[in-house]
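Some structures to go through are shown next.
First chain A sits with chain B, and in the next complex the same chain sits with chain C.
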Partner chain A sequence: MSSPSIGAEPPYAGAPPDGEQGRGRAYLVTAMFLAPAAILLSVWILYPLIYTIWRSFYDSSGAHFIWLDNYKTLFSTDTTRTAIKNNAIWVAVVPALVTAIGLVFAVLTERIRWSVAFKIAVFMPMAVSLFAAGVIWRIMYQQEPSRGALNAVSAAVVDRVKQPGPLSDAFPSGTKLTGTPQTGIVLKTPVRPGSVALLPLTGIPPDQVPAGSVQARQPAPKAGAITGAVWRDFKPGGGTPGKLEKGEVGLPNVTVVLRDSSGKSIGSTTTGPDGRFVFAGVKPGAYRTAIGSATFRQPYGGVAWLGAKLINPAIMIAYIWVWAGFSMVVIAAGLAAIPRDTLEAARTDGATEWQVFRRVTVPLLAPVLSVVFITMLINVLKVFDIVLSVAPSSVQANANVIALAMWRTSFGGVNDFGLGSAIAVFLFLLVIPVLALNVRRFRREV
Partner chain B sequence: MSRSRISLLVLGAALASLTALAATASGASHRKYAVSGNLSWTGIWTGAEQKNFQQVLNAFQKKFPGVKVKYTSAGDNTPQVLSTAVAGGKPPDLASVGQPGLVKQFAGRKAIKPIDFARALIAKNYTPSWITLGTYSGHLYGMVFKGANKSTIWYSVAAFKNAGVKPPKTWTQLLADAKTLRASGTPAYSVDGGDGWPLTDLFENVYIRTAGPAKYDLLAQHRLKWTDASVKVALKTMGQIYGDTSNIYGGTNGALQALLADSVNNVFSTPPKAAMTMEGDFVPTAATVKAKALTGYNVFPFPSILGSPPAVVGGGDTVVMFKDTPAARALISYLATPEAATIWAKLGGFSSPNKNVSASAYPDVLTRTTATALAKAKIFRFDMSDLAPAAFGGTAGQGEWKILQDFLRNPKDVNGTASKLEKAAATAYKK
Partner chain C sequence: MATATAAAAGEEAVVVPDPREKTSARILRILAKGPLNILLIIIAVFWLVPTIGLFLTSLMSANDFANFGWWKVASNPHLATWNNYSNLIHHTNIPSSLWVTIQIAVGGTVLPIIIASLAAYAFAWLEFPGRDWTFIIVIGMLVVPLQMALIPIFSLYNHLHLFDTVFGLILFHTAFGLPFAIFLLRNFFIGIPKDILESARIDGASEIRIFLRLILPLGLPAIASLAIFQFLWTWNDLLVALTMARNTQPLTVAIFSNLRQFGSNIDLIAPAAFFSLAIPLVVFLAFQRYFVQGLLAGSVK
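Let's look at the complex of A and B:
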């Protein structure tokens, strides 16, 4: 501050002694230099700003002055309230995370061998527009494992650990079975040796009927044995549920379990091509026949990243992915400027790496970290395009943010420029304190 | 100069019979340069639709060589583009928009000009409900050029064959068939819940059948509350489908993420992932998988509920005029003729509400069926959500779209849904 301002010197040094005229010319020169910027600023910033504030006091048609009604609506409508709440979460979470992740990356890249390659990889998303990044993540987040990359990876792991059953779509037919595909299916009434257990299943698509299956056959009762059949209880038109009819095929290779009266499994067998099975040599008593849940286990369905519950974290992850590179590069530059001898001195004094990081590196980096943090704060307050591109329209209301609400209200079909302007003014007021902080910091640095 | 001449021409055209009309129109080409000027048109039609509409414009420019029409596509952003253009004082000469609500808004602000000069000609070619639709405070402001029949259900022929069911004629039969389809291993329904509007279309189709067209009109103008018993009956009826979650492809969560193309592909793919999807006549153009009409997929009209008479709920893109010039008048008059509509009809993907377009103009059986049903329907009502203020019936993530998506999530909440709808409607209609 105390150093003489060099930029201001020349006009005064070159000013002629005859005061008035010279000062006038100096003003003129100043004005000429300022004019282009001043004109651009007033056309693109000042005029729209004033017009927006003025417009926010009018209704949607622009004909009636309605005082602060738009601002009342802003805080009383669910849509805008959700937007404000979400923006608050964004501000609380994202700038801090981006700065922290950038710091970690910056410090780590100093120590690894392929640091340039790593930096390029992390910085690469900055070259992609936020909207495009959003589209990429939207595709990766798709719930169906066959379509979304993230769920494809988790499905590959989960399905390997817990293999899906051969009849994952089947469910019990008729009224004589209890249980669900999730718990396993049990015949309601107990069976005794010499009787027949019928286990009809349905909901099996034609292409999932096991190969080699043939027309199901009614099993004959056999003394000392429990006989039965598992079959696809469906023929075109539906047929009669629970009844084994012509045109209905047996389900081979289904594991049927026999349980005693206490529920303990005492044996299992598999069905033949016509769906029949036999438990031979069964002692007298009441038993239950069941098909275990493993037969019906569904393939992994994927995480609903784009559902109402996860949509906000999902968008934030995408956003952090983009901005981590920026944060890393700025912090790495700051890191390079830190005097090495300070770090060395700390190490010589016996500080651990963590202590060096915590007590020396971070405090020295504080000005750079605050630059990143404040920049991110402003960016996050006006976050817009990535929300628009990641969130499907069914959950866009859950993911709404102030800038998106402003655009939707003004142009998204509602066409209420009054309320839209009010939202814009509100956003402007939110950004002002952060800007003030930034300006103060700039002054201090100069 | 030629304004009176054009209206004479139009009057003549209106009085003439079909063949005489063609003669008058070709007579116009002899009077070369009678009308001249440049027209700008901002429209909703993109891609193939834009190309096909360009053919219509080319035919017009052949007739009026003095007029140059420049079509700019704004697609789904048409409301934004037009609103901004109007606010900035530089609207195009003409525009085609998908939302009658927007037309009404523009008419209210006097941003668009009445097209009363073409009323007689339009009345000759359209059933009265279309005229009512374009009329605001006594003046005709819009003419629907491209219509859509939204009372259609598309099904996979293979899925129906596997299950041994035939297209249902009644709602009860539809529900029974759905059960059979589920037992056959194919989920019956593919629901496009990711976009909100297809849900409103199902509601409207159910409502016009359970409550009747008179109540439909009242509800569309919000002279009947959404908490009315008739709305609840319709919601309950919808719940018979939405509540059958194991019969919806992908379950409720999957449905809420499915967009139009996904829900159509589910039905059109081989083997089918789902058996039926309820949407308008534009369904085949939305498919991105290859499927053959009649052998791969087919269509049946929305079934009757408790003996309701056949009814068609539809939509359409309205042509409006921002600047009243002779050239603009000539183009609107031309578009009102069956001749203009036939050009696009022949190219496919188009249903004209013009009742004088001959059925043979449509290139395939399915379009012929859906388009004729649209133009000749005795009970025809415009898509209710399109008539509502956009804040209620036309904005993603709020109003009716959002509330019905919540209803799809929780189809048991009939009363809550009705009161949420009423609350949203009350705010939106007030403005």
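Let's look at the complex of A and C:
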């Protein structure tokens, strides 16, 4: 039409219908390309989106429109409130930590020769399902130091610093002793120089009898000294409690403390193989003999990772273990894209490594860091499988998160589709800012 | 590729010494790296040990698990036994669960790739009204939590008799994999030089022909990354299978149903869990390059 030679234009007879037809056919081809995706996305995502929003305004039976009541329940029930509170902690802690760890790893691996091997090691858990990762960490978190690797490591350290006592399970035999293993076990009656203090203990299993112990012997009284014995007051067939008999062994290496009348410790000694001990050169007066609490110190029992108090940090550690590799690899790629000259220029100008990192590297990486952070934010909001596999059922209520509460409410026995829908919508509302961000980024690109 | 580039850059920083640097300064620099290397070795060990722990646990009887930790097996190899694995294969439903998982993972990978590459081609190279805003809707769907679909699809599957079927699970994974797949592939396809397409069109090739003969072969790297993602995602899924199936149990659900008695079922849980992660691990190690590429191309999900 804009042709300069309108009059000379030859009749274009067949063209318009042909073009129309051609365009029609082109649209048909386009529709064929798009139809399968359009159908699936409409039926599995768009329709459910609308249905779930609509359903969230109805009660559990679906018959009564209750407006916002499900949302009120969501914020007033303990279960869901715990879930929201826990998820808030997740959001506050995990994305920032994963991003920071990834950044540190990416920067550090730049300086070593075996960075590829390191990256594969850290990245590997990405291939493992979050569910299996949970199983892996549940094994790591077993409480007894003999079974759980984490507690075994801490026990090795703690038991070295505070050695467990030789007789951690013993308790007094007979009625003449008082006190607890925590405070030390004391003879009820005072002793004076020249008298004998008998300290019988029981509750010592045969395998805990110290090596090298021999038949216990009755100590002889000695002037100016307090003598006594500590022994295992048990022999096959029984025996009399409090009485030193044949077949009962002495307990060596037990720390015995001498206290004056005010309770102050004035001396200590250890027992011999037959359980005997001597405090020599004791001034006249009334004293007390006690077995110190160190003798009864329990070995380190381990941290209750899977208990109610620590279950959330425990799950988060497992989760960070999985995702740190993702963060590291994405940030390392961003780091590789930073022009070397920029960093070198800063170094030539006399900047320290820390200044280069803080003032040049991190600002240049900001876009990459924000991508990692936002990705983790979305992931953390939807956290589900790993909670189910790390947390034993007894503490799952303490570890509840929004996605888990949604599933429990809808399919875990309660089967309240109204409240379940409301929880899902709440989750959806939380990710909408991210959705808006993605859309804006795309529009800028186009 | 990204790891390789990063490694090359790192190596450069290490190997090429500053020409003005004195020998003493160089020795000092290498010595200063000692603690860094040790620190990184400790970190790498921390990242590897838990998985090794699972493997060694999978070789222990439930009785042994109640008494000592898996590291005992490492120092006393005679404590290890393959009994758990032979029990797993002969006396449990784990092999049938493995078959379910394989079906879901293969179907849930192939189907979305076919459907998404068709749609991505249309978004990249075909003109149609409303192209941009429909693509924006697809991007919006990227972050829709699948929790939003659980209740309606559960009801729908009951009506359509898709509940508790492998096909139903595959369709669910396909639909929720599509937004990411379309996004990733469209961005890749749009980078294919326009001349190639134009000349093919002038030669009279149909769009379908162009798609099959040009776009798919050229888009293979992107399709490979996508395939790995989708495979890992469907293989590792718990939530969808737990909701949309009862007797059709993939590995994750089968393990989950034994989790309540963790200690006494450990001789089943540990080998099954190791089983379930060994295959994705092999896939991941073999195709790591594509995985990283996909990660970098589409880390918006």
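The definition used in the following text is that the second predicted complex is superposed on the first by the 310 of 446 C-alpha atoms of A that agree within 3 Å, B and C clash if a C-alpha of one lies under 4 Å from a C-alpha of the other, contacts with A are read in each partner's own complex, and residues count from 1 in each chain.
Quick note on the criterion: contacts are C-beta pairs under 8 Å (C-beta built on N, C-alpha and C of every residue); 3 or more make two chains touch, one makes a residue touch a chain.
What you are looking at is a predicted structure, and each value in this text was computed from that prediction instead of being measured.
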{"item": "Touched partner set for A:S393, first chain B, second chain C, both or neither", "value": "both"}
{"item": "Touching partner for A:S61 - first (chain B), second (chain C), both, neither", "value": "first"}
{"item": "Touching partner for A:G237 - first (chain B), second (chain C), both, neither", "value": "first"}
{"item": "First (chain B), second (chain C), both or neither touched by A:W321", "value": "second"}
{"item": "Partner chain(s) touched by A:V43 [first = chain B, second = chain C, both, neither]", "value": "second"}
{"item": "Touching partner for A:V249 - first (chain B), second (chain C), both, neither", "value": "neither"}
{"item": "Superposition-derived comparison: chain B or chain C, residues of chain A touched", "value": "C"}
{"item": "First, second, both or neither for A:T202, with chain B first and chain C second", "value": "first"}
{"item": "Chain B versus chain C as contact partner of A:F417, first or second or both or neither", "value": "both"}
{"item": "First (chain B), second (chain C), both or neither touched by A:I120", "value": "second"}
{"item": "Touching both chain B and chain C, residues of chain A", "value": "142, 392-393, 411, 417"}
{"item": "Complex interface listing, chain B residues touching chain A", "value": "77, 79-80, 83-84, 87, 99, 102, 105, 108-109, 161-165, 179-180, 182-186, 193-196, 246, 250, 253-254, 256-257, 259, 271, 390-391, 394-398, 401-402, 405, 427, 431"}
{"item": "Residue ranges of chain A touching chain C (in the complex, touch as defined)", "value": "26-27, 29-30, 32-34, 36-38, 40-41, 43-45, 47-49, 51-52, 55, 105-106, 108-113, 115-132, 135-140, 142, 146-149, 152, 321, 324-326, 329-330, 332-333, 335-336, 340, 371-372, 374-375, 378, 381-382, 384-385, 388-389, 392-393, 403, 406-407, 410-411, 417, 420-421, 423-425, 427-428, 431, 434-435, 438-439, 441-443, 446"}
{"item": "Touching residues (chain side chain A, partner chain B) in the complex", "value": "59-61, 77, 79, 142-144, 169, 171, 173, 202-208, 233-238, 241, 304, 306-307, 392-397, 400, 408, 411-417"}
{"item": "Contact set on chain C toward chain A in their complex", "value": "2-7, 9-14, 33, 36-37, 39-40, 43-44, 47-51, 53-54, 57, 65-71, 114-116, 118-119, 121-122, 126-128, 132, 135-136, 138-145, 147-154, 156, 171-172, 174-176, 178-179, 182, 206-208, 211, 232, 235-239, 242-243, 252, 255-256, 259-260, 262, 266, 269-270, 273, 276-277, 280-281, 283-285, 288, 291-292, 295-296, 299-301"}
